[in-house]
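So that you can tell them apart, the chains are marked A, B and C in the order they are listed, and the count of residues begins at 1 in each.
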């Protein structure tokens, strides 16, 4: 096609760097701009966090003391189930995709995501799926009450009608995630500034690239699992029914083949965020950049071969238990490499403790504690005593709340000034940090003791010897929950009336291409790719150039 | 060579939200119709219609933009990568069902028959059960009808294998023609592929009819029927989609849309078709033959 | 310790100076205070709550003791690593801060170091894996059992079958606990609230016992910590586990796999007796079972049926259909005013005895004796305002079998 034909009416001016967003609400419905879509994702995730958090508050309130005070057992189970599902699929994952949308093009010098229209669709499936999922609560027989892991046959033969809506909501969420992941891969592989080599990419981009592969490999398997559930429920198949030659445990294998990579999907981007923040406030290049990349890749690969550590008690033959135990604890090695590299990056740096850094430090310490309990769970014979107790609940909230969620909060504090050109209130932000970090430990640390003392998870009422720790945990929970009201205030007031900043760099020694565009970040950036010298001098690490 | 060398970033679009509405309506409608809601099937049909409308509208716009030359090589690469990774995601979707088949054959059925650490399972619960594959006599026969027979590999399935393998060749022939700008050969190749696809689908329909009417082999015939129909059914769905996409491509070829340098649409569909072929080979070997 | 911590917060938080004096100094000070708080919090339970359970018990079987030792080993390994890693980190937080004039160095790579901190953790893991494997092999070996108990999970109770002597019974949540756990109840908790049952699993000490677990409906998991046994009960499959109880006593546990509404209400109580006491208990049970079978052979009065019926109803049926027969709309039908419970008696007997496939309604014909079935059906037909006046006799049930 030598030249453009003259009948082209297509908006060539779409490439015009200077035109801004459309006016009005429809802008958000139609938008193809990565920054707009990132914003949509982040607000969606935040809303879901509040909803999922409100459900957690119901759980903690019911568990405040023994006896049933507030909710019936069936409703309690619905709260647990939807809390888990909404936090995982509604809050944490979309928040990371939102961060990816905002940051990846800025960090690799790209004008936008590779497939902007599809990007819009990835987002706009979510609200529909979210509403469908939440609407189950109002249906006959109530919402799903079988845990976020929806084990058959509780979720097939013994589940309410609304389960079919739940199944389709999962299909939609999965479809959205897969399209989002494809977009990220295409963007990173194809839209990088021509002079940026893979090993020049910031770690956040690396971790997301690897996460995207995890998503594409894991989400379709989940779709397969719920599809088999659907046919077992409605069309007479017997995948998960021994009477017809199937096996309920088969469901668990398929679920966890997805589920375990899923938990790394929620932590690898967090590793990326932390690897951006620590060098900035240590004023020192990231230590061991290339080993960080390899460690991330190893974690991702290992994550596909350890799934049955969630199933040590299902009656797996002993050889299976041994294998899954060894493979599982192996993950500690590359994860340890990451932790050691972060600590060494701080070592002999020139540290300051602005809010993002506070969250990053809390992340490293508390995630590591969560990792240690994970290691303990990975020891198959010991897991006999831990499995399905609050010890597990403590483990995964340390890695998910003080891990994934903390990193998201850190990222918002770190990049929000760039996004909106205003500074948040540092004083309030510090109060928020200390409030949250103390209360979150009051909330989750006692749950270790509860688990060891013998309290099973997913119960609405408990024996009296668990009363004290539960009360402490609930108090911590209410305190931690209310810290989100302060966070909401801080963010909203920053966007509306924060002190304007002009400095492109925002943070004294931040490095990265995102800090070379104007503040606030213009609607369109990097219509011209950045040059090699700039890329190299903005590298937050000193990689293998 | 391009009129502009910047990456094409489209303007805002309504198609995605239309697609979401359609999808939500289709699925919510399906779920309610499963529970006897009269509105359900209506919503389902409506949603399906909206999705078709969206696909044609959206793809139409893409074709239009492509023909207008707004896409450069880089955009083309984005499309290719996306298609490739989309196909990979489909591979993983099928992997879940193949995994179920593998698990049933190697674990659950033998275990019900007392293998591995399941001596007591057999002795206490299913002492009459014999672990054989294909599984015709269920552990609890009272709940299942017994299929008279299964579908044998070297009958219709073998012919279907031949069909799909040939169709892969005819498609490659068409592609080769496209690279050499031989229009008639492209059309012939594509048409042959489509016809083979349709033959495949018809034979499969025949096979299903036979299974249901004469063999009593159903989706509800225990784990054998479950895996058989899920795997072949989803594959058949993919062949149907692939055939429709090939027809669209054929129409675009007739309109003169592609040239040797620029034919991602053609190639994307060709990849998809080859993927469907490969899945079929897996099916033929693991579902029908072994 | 708890109070010390609170006094620190309130001293600071209650005064406005806390906020007013916010300066760069605040950073250092608040960091220090908060780290202290955090650290003291982690160790708080060790000192203050020694009487509360915050660790695994050693238990009373070889397996549970091995697991305990393994647990403590890994725990201390983790603490050791934590001390080193957090120590280095805290050191640099304190000494390498800009406000202290620290200048950033620029080192950023060392293959040797990366190799070291890959290999050392690997070594540590291997050191943990060896004892773990040993314990695992031991606890998976259920050979040479001296007796076998088959455990079947039901929504929401356990059935125990002693395969060697024919004793067989259900074990439900105790009545005290069931009543106290009703919505909105206040007041004292009964002893062993939610961890007490009507019929205990009685076992002999110093005997190698094999447990076979299975389920009648969804997945349950049979867990008694002191025995070191937790094993899923999967419908359609049987898993096994074993225990040799070394000390007589009462050991409590509960279901450990989400199994629906009353998952939190299916406790397990094991009573370990000396071998002689156990043998006597078995005799007693066998006699009881004979008597129960005989009770079905005579005619029952209405009062007898209603009293026994209420007993059976509240232990067996109330979990789903509610103490007052209201059920849960959409999930469990109400008995009060139910078409079946007020209609044809045959239908009623049929659904109770044979259940309904594909729903939570089980076939109670296999679970209850003729007299209990007759009683509960009579009860349902005359309670909750279902005043049908019908009587169902054990003989009718016997005929229906």
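As a working rule, a residue touches a chain if its C-beta (ideal position, glycine included) is under 8 Å from a C-beta of that chain, and two chains touch if they have at least 3 such contacts.
This one's a predicted model, so the numbers in the text were calculated from it and none came from an experiment.
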item: Of A-B and B-C, pair with higher C-beta contact tally; value: A-B
item: Farthest chain relative to chain C (centres taken as mean CA coordinates); value: B
item: Chain centre separation (chain A, chain B; CA means) in Å; value: 31
item: Chain B-chain C separation of Cα centroids, rounded to whole Å; value: 45
item: Sites on chain C at which at least two other chains make contact; value: 236-237
item: Numbers and ranges of chain B residues touching at least 2 other chains; value: 111-112, 117, 125-126, 139, 143
item: Set of chain A residues in contact with two or more other chains; value: 161, 242-243, 247, 249, 315, 318
item: Residues of chain A that touch chain B when the two form their complex; value: 1-5, 7-12, 14-15, 22, 26-27, 29-33, 110-112, 114-118, 120-121, 124-125, 127-129, 132, 161, 164-165, 167-168, 171-172, 175, 178, 181-183, 185-187, 189-191, 216-221, 223-225, 227-228, 231, 234-239, 242-247, 249-250, 253-254, 257, 315, 317-318, 524, 527
item: In the complex, chain B residues that touch chain C; value: 111-112, 117-118, 120-121, 124-126, 139, 143
item: Footprint of chain A on chain B - complex, ascending; value: 1-4, 6-17, 19-21, 23-24, 27-28, 30-31, 34-35, 58, 64-65, 68-70, 74, 77-79, 81-82, 85-86, 88-97, 99-100, 103-104, 107-109, 111-112, 116-117, 125-126, 135, 138-140, 143-144, 218-220, 222-227, 229-230, 259, 261-262
item: Contact footprint of chain B on chain C as seen in their complex; value: 150, 212, 214, 236-238, 240, 357
item: Chain A contact footprint on chain C (complex, rising order); value: 19, 22, 26-27, 30-31, 34, 37-38, 41-42, 45, 49, 52-56, 66-67, 70-71, 74-75, 78, 81-82, 85-86, 88-89, 92-93, 96-99, 102-110, 113-114, 117-118, 121-122, 125, 128-129, 132-133, 135-137, 139-140, 155, 180-186, 189, 192-195, 217-219, 221, 223, 225, 228-232, 234-237, 239, 253-265, 328-331, 358-360
